[in-house]
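Each chain gets a letter, A, B, C and D, in the order it is written, and its residues are counted from 1.
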Amino acid sequence: MIWTPFLHAACLTLCAPPLQDAPGAEPQEPEAPKAQPAAAPPADLRLHAERVYTGTGEILKNALIEVREGKISSLRPGRSAPEGVPQVKAITAGMIDLSARLHSNFNSVEQSTEVQPHLDVAGSVNLYDKRFARLARTGVTTILVNPLDRNVIGGRGVALKTHGPMEVEARRLKARPILRGAIGSEPSAANHAAFGRPTDFYSRRPTTRMGVEWEWRKAFFDAVAAKRLPEMDFPGAEDLREALAGKRTVMIQAWTTQDIRTAVYLDEEMQREGFGDLDLVIDAGAEAWKEPAMLVRNSTIVVLPPHTAGGRIGSDGAFLAWNTANQLVEQGLTVCLSAHGAGPGPATLGHQAGFAMRGGLSFDQALAAVTTAPAAVLGLSDRLGTVAEGMDADLALWNGRPFAATSRVTGVVIDGTVVVNPR
Amino acid sequence: MIQQSTSLLQRIAKTHLALTLGLLGCSFLLSAQAEAGEKYAVRAGTVHTLAGDAITNGVIVIEGGRITAVGSADDVKIPWDAEVLDVPHLEAYPGFVEAHTSSGMDRPNESVAVAPFLNVRDSIDPVAFYFEDCLRSGVTTINVQQGNACIIGAVGMVVKPRGMTVEEMLVRPRSGLKISAAPKSGMSRATQAQTLRATFTGLRTHLEDLVQQKRSGNDYSRREALYQGRDLSGERGKGRAMMSKGWTVEGLELVPRGEVDEKQEPLLDLVEGRIPAWIYCGAPMDVRLALEIARDNGFLGRTVLVLDDSCWKAADLIAEAGVSVVLDSTLVRTETDPKTEEEEEVFIPGVFKDKGIPFALSSRNSSTESLWFQAAMCMAHGFTRAEALAAITATPASMLGLEGKVGCLCPGAAGNVLLTSGDPLSVTSFVEYVVIDGNLVYDRSTDIRTQHLLEGVVPEGTESHAEEPEVEEDTRKKAGDEGGSR
Amino acid sequence: MRTQRRMHTNALLLASLAFVASAPASASSREGDALAIRAEKLHVGDGTVIENGIVVFEAGVITEVGKGAPVPKGVVLIEHAGHLSAGLIALREHAGAGGESNDSSRAVMDEADLAFAYRPHHSEVQGLLEEGITTFVLAPRPGSLVGGLCAVAKTGSEVISRRAYLSICTGTNGLTSNRFPTSLQGSQAELERRFSWPRGVFATAVKGELPVMLDGGSSRTEVQHAIGFARRHGLKGLLVGSTRLGEMAAKIRAAGLGVAISNYAPSTGRRVVEGAVALSEMQVPFGFALGSPNNHPANLRLTAAACIRAGLKSSDALRALTSTAAQLAGVADKVGSVQAGLAADLVLWSGEPTDPGSRVMAVYVDGDEVFQAEDDENGDDQ
Amino acid sequence: MHLPETTLASVLLVGATSGLFAATAFASAAPSPLTNGDLVAVRAHKLHVSPGNVLEDATLLIRDGVIMQVGDDLKVPDGARVIEGDVVCAGFMDPWGSLGMNGPATVDMSTNAATRAVDGVDPYLHPWYRHQALAAGVTAVRVQAGMVSARGGVGAVLSTAPAEDLKSMILLEDSNAAAGLGLSSRGNPTDVFARISAVDKLVSDINSGRDYAMGLAKYAHELEAWNKTIAEAEAKLEKDFKKAQKDRDKEIAEAKEKGKEFKEEKYKEDKRPKPPKPDAEDAVMARVASGELPLVVTIHRAAEMRELLKGTARFKRLRLVIAGGTEAEAVADELAARSIPVIVRPIPLGANRPDEYSGHDLALAGRLADAGVRVLLGSSGGGSADLPLLASLAIGHGLDRDKALAALTTEVARTFDLSGELGSLRPGRRADLLVLDGEPLLPTTTVRYALSAGRVLISPDSRD
């Protein structure tokens, strides 16, 4: 339990006694005077907020939230805070970062060959890494971990909560399967021409964007061919076929407009060839604002990288205009925001939502971009993204209006467990 | 507001090495005069003076670059010949004050370890992007000091982010001497402390030698006169006795101040408390050294500490010494307990507020970590609005000895006004206009760089990737420190 | 410098004969004549200590052990004012392979047999005797996914068991940057393939006839993966190379694995020794890895002493240095304790064997006296 | 600035202005006991007054952090806090450590003879590292800036008690001067000629230190003589002034008559003696040459040691201390004769050891002690908390047990002039002591209580 060692007198609204964070240790408060419906079993955790931004467009005022067995059991607005229940200014659903980049660096990508669709990054995720706890403290409750983008096709991503059991298989969410790849300069960054240098497997791989794009098309063509000619089968062919059939989301990192265009043309070529239609998500699409038409045409989902002071980001020097989120949403595209795993400080996911609002995005669209939209990409809209009865009890507690520069996440609940105590 | 004492003119004319000094000395005075005559007035929806409650439908009258009247529209009459900026939909705030930065110079650090005779005037670049960023984020007064990689650095100056020459930008010359208690590269804290003390010991030895030479000279001429049988026409020494809270060399009045070596002379000013000191501390142990050097050499009263984010652990020491501090742009620091491997977050301004130590915030860039954003983060951690705004207006102003001159909208202050589209600490509001010394210097609608950042509008003629220089990170600051936020 | 001392000691041995009641020219029982040693304290190796215990051995094998064990006629009796214990056993060693203990040309070298890399008279091996180490498991250096088959060797003499372990690096120690596998998921996929359709040594390992030596790597996640891998394929064996085994004690016991405690180094040491104490509380069998020549042979006893300082009982430490280590290496029928039928690998100490302050006075391997400390006049008596 | 009477020692005490100047800024040289007023009585079955000198069932009384009485028949005054234990001995000291120092300062290569270790001490290091050392029984550490630089500067002795502020950490702020000869830089060896010339440079530095002190004394002497002659001359001039005035008027008058231009008389006197340029480094080397500061030289190879011993033989009052000394046996007899202590690093080094440690083995301490050399045991910055464990390793390889205990207590105190303060449990000493549940330096022995200046810092309940 992380506590801010220097308590400020300023949080005047918080006056309840310390909250035991072990579920089920809630003190029995006296029976409410009015007739209680059939004695519902006591809640594991109860919270009260002046405003609950449910994420469904509705804002509940003075709402009392009850949590039982990791789910939101009841959500009743217009209530005063009972004795002993922590009160906060605002509650939103726990934020979701699809590009948290919490991989274990070069141990998380198999570079012996540039196409490894079947390898699951879960094998290299280190849940003891401090960054999980830091991310949880900023209000991010669910993340997607992908392999480092040093391969053309890196393999399978894994969706995890930022707090929970310490084994990856136990913490893995049954989300939509993800195939991770990259277009741009990074997949060929470590490669060099064969002659003149000691030959190792870095000397026979693409050294240009054309080569990277060729590897993508070759992988899909071979996968389709392998269905008919078993001797052409290779590990990961099934993954590629699932991607073509739309059963596996294809998440491609493409910073610049040139690379985004390559990704969209790849999808359209697959459709033209009749191989299938990729469920395409562009990660780190900084320059998506330059040619939005093709994204609309292909109804591609875009995950934006963090906003920077100068606008430049990424190894290819892409320029992210701050109104990109607003521009794409206005054209009907689904946009998610990401903070690339930033810990507590000036650039958390909450701050990225604020910067997107500075670029013109409305509050509701910003809230969607960090909760419901990424939840939909993961195919977990039935569990994550909104504050409603029956949903997972993943909550971010704020000491002011969410995403404002003058407020921050003071409490976090994941699966009903108080990870950061709002006290 | 611009000090006009005669000794100042004398000092500039005489002590600096720069060849251009002569003509510079007089030209900057004239330029300040020219603007004095014009009158300017601002009528805004609400005027936040930060020295009382906000005035709705307020008026600010500026004459000769100075605010002469602030009040509601009905009881302050706007002079007939004043140019009026009528923006009823905007809010007026005093310009923000950056207490210490080494941005805005072509190279912030000087390779010579002990160089108090240098002046930042010679390396400030008036057309640097940094000053444009200051306008855009509402900073109207900036104290430029040399970078942290030094032992005793150059003399700094307070400037405003407007003006084609350094003289036009000048607000106050000699705003302080930069000293570093953190080691210069290639040295460690042991050798840094040793060299720092040796510098002041060197000054003392130099002064003692001068006095000894003078005394020997006087004794010799007295004996010669006796031998030759003539009366000695005693002319008294033309110098000034040394006054310092630290240590003094008795008999310094024998030595005319001009004869003190130019390289040592700024140090003497420092020891005599005639120039403030800005001491950079890269770690908590540096704070002890900085306070000891300042106390032993008599300039603790005019010392401001420039702190790295790890120095919060020495807050008690700082409170006891009663000095004010400029905080690092990193406001949240994460530390790991080596025994339990638990991580603990510390909100640094909170520590200094609780201990009653006056502190100023500093920015790292013009948006994601600008002064207003840092103040907003203080509110997010429990500060009141007044406390947060004071940390970027009144407190830095008093550190620069400009309280009542900048950082507030009150009669007598400089005519520096921000017009914002809403609460300046909100992500969704912008600085629309900036008035400095009664001149409109910034209008967001013509700011092509903000349009480029916010709307991706590529200004014509700048098709190629106009590489914007990254704000130069003081690389040594983060050496060996795992750092909190990414 | 050391070999020169050996001739020096032999000369001294003759000079010191005067103290011994009756002693033939050299104290060696190889040629059939028996030898007996009486020590103030005889550490059998299972925790029991016999006051004034006598051990008799002939033709390299212990025949009698006991308080009043009868000394057969004509047998030379050596009186030793100090302690006697079985020779120490190091569980992960590279001495004797002369730096050739790892073939980095390919990831999997499953049939490589370290027994053929062992040179008994290599200079690296002599240092072990001075520290009372008489037996060690020669294992491949970490670096390849499957390094090969470890051998159990007697210090300075022959290999006593060839296929002691199959050495596997499941963690980051098995990865390199310029050949397969370069990622943890790549190495896990390769190991799954090798053990799900096992052939050759993999088949014998899955059948349980060949224990594995798992280098789990240092982080807790990698140790978790190693334990999960062993349980998934029903493998028995030893977990090595990790400094964070304390927190995983329960999981290790559930998986039925043994542990080799890695070297105590001042900076990372705290976790290693606290891990040993936690393992001993959970009754997980453990021994000590050494890894000379890069680590000085004295580190074996130093690590044991550091564990005692952190709370481990000294009898448990001695058991970990001798009998448990022998069980883990699968040679408990040959070495590891002072019992009839086992090899006469004995060490004479000036004090408690687990006290680094005790000197190694003499070392016997297979009944041969292979080392004797120089007798300095003010013999360090306890 | 007027210098006092000119004797070699007193001049050195004044030292160059920087030495004086720096001294005033710090606590006086004598360590400041943390006074806590209350009375503590420690009773033990075996009380090691000093290695080899053990009292049975003895009691020790402490007041204000100083040992008042030690004896086997003392009555415990009422009101005293009583601590019982099996064995009591003096706190161990690491003569070659870095606990409490800022990391980069210990490996700084830009240090010179005047750099002070106390400037590199960091009171804000996490207290847990100091707690580990105390729990292992180490109560004081001699630290050094620039441990591997040619001139490490002035070392200091720090207490391992929890640090409130810098002053409370410092037991002795100038314990020694330091030099490093022939140390490989990050493992790759330096060539032999560079090493030998480094030794000669050190010897010449000591020499220039001595000359500097001589120069100061000579200057003070000459100045005094000059002042005396000038005072007499002035008195005479005062007396003859009237006559000189009359002569002068007469000469002016004559010159005017002859129309010649009057020329003043030429006055000559000998010049005021110039003071030697203040040099902080030479001031430190002067204190080394006079024997006031021991000189700890980190040196390993026999060739350099012979050169050093030969070069320093003529400095009669120089107190040399060898640190490292891997091949010290080659000059053991001369080291014993000149009573030069050797700080041995009893760590088991594997095959990948630094070049200068190539001949190192664990029996070095034992063999040196047998050859009559004064042996100390140091961690060389590798973690003072493990020194007692490494000391038992040295015992296991031939070092006599009492000599090992001495190497951690009395010998350290004697080498750094702290015998009146630390190292043994005698009246007047600072109450740094350990209460153990067994013989010292056994792995089974734990520190039940650790006292620093009479304050109980480790007790059974605050163990980890």
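One rule holds for everything that comes next: a residue touches a chain if its C-beta (ideal position, glycine included) is under 8 Å from a C-beta of that chain, and two chains touch if they have at least 3 such contacts.
Fair warning: this is a prediction, and the values are worked out from it, not measured in the lab.
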Q: Provide the labels of all chains in contact with chain B and in contact with chain D.
A: none
(Q) Counting C-beta pairs in contact, which chain pair has more, C-D or A-B? (A) A-B
Q: Determine, using the mean of C-alpha atoms as each chain's centre, which chain is farthest from chain C.
A: B
Q | Between chain A and chain B, centroid-to-centroid distance (C-alpha), Å | A | 43
Q) Rounded to the nearest whole Å, what is the centre-to-centre distance of chain A and chain D, using the mean of the C-alpha atoms as each centre? A) 60
**Q.** chain B and chain C: spacing of chain centres that average the CA atoms, whole Å
**A.** 67
Q: Return all touching chain pairs.
A: A-B, A-C, B-D, C-D
(Q) Could you list, by residue number, the parts of chain C that touch chain A in their complex? (A) 172, 175, 177-186, 188-189, 219-221, 224-225, 228
Q) Given the complex with chain B, which residues does chain A contribute to the contact? A) 2, 4-6, 8-11, 130, 133-134, 137, 289-290, 307-312, 317, 319, 321-324, 327, 340-348, 351, 354-355, 357-360, 399-400, 403-408
Q | Complex contacts: residues of chain B adjacent to chain D | A | 183, 186-194, 197-198, 201, 204-205, 208, 216, 219-220, 223-224, 226-230, 283-285, 288-289, 292, 296, 313-314, 337-339, 480
Q. Considering the complex alone, what residue numbers of chain C touch chain D?
A. 124, 266-267, 269-270, 292-299, 301-302, 305-306, 308-309, 314, 352, 354-360, 376, 378, 380
Q: Note which residues of chain B are touching chain A in the complex, please.
A: 330-332, 334, 336, 342-347, 350-351, 354, 365-369, 372-373, 376-377, 379-384, 388, 425-428, 452-456, 465, 468, 470-471, 484-486
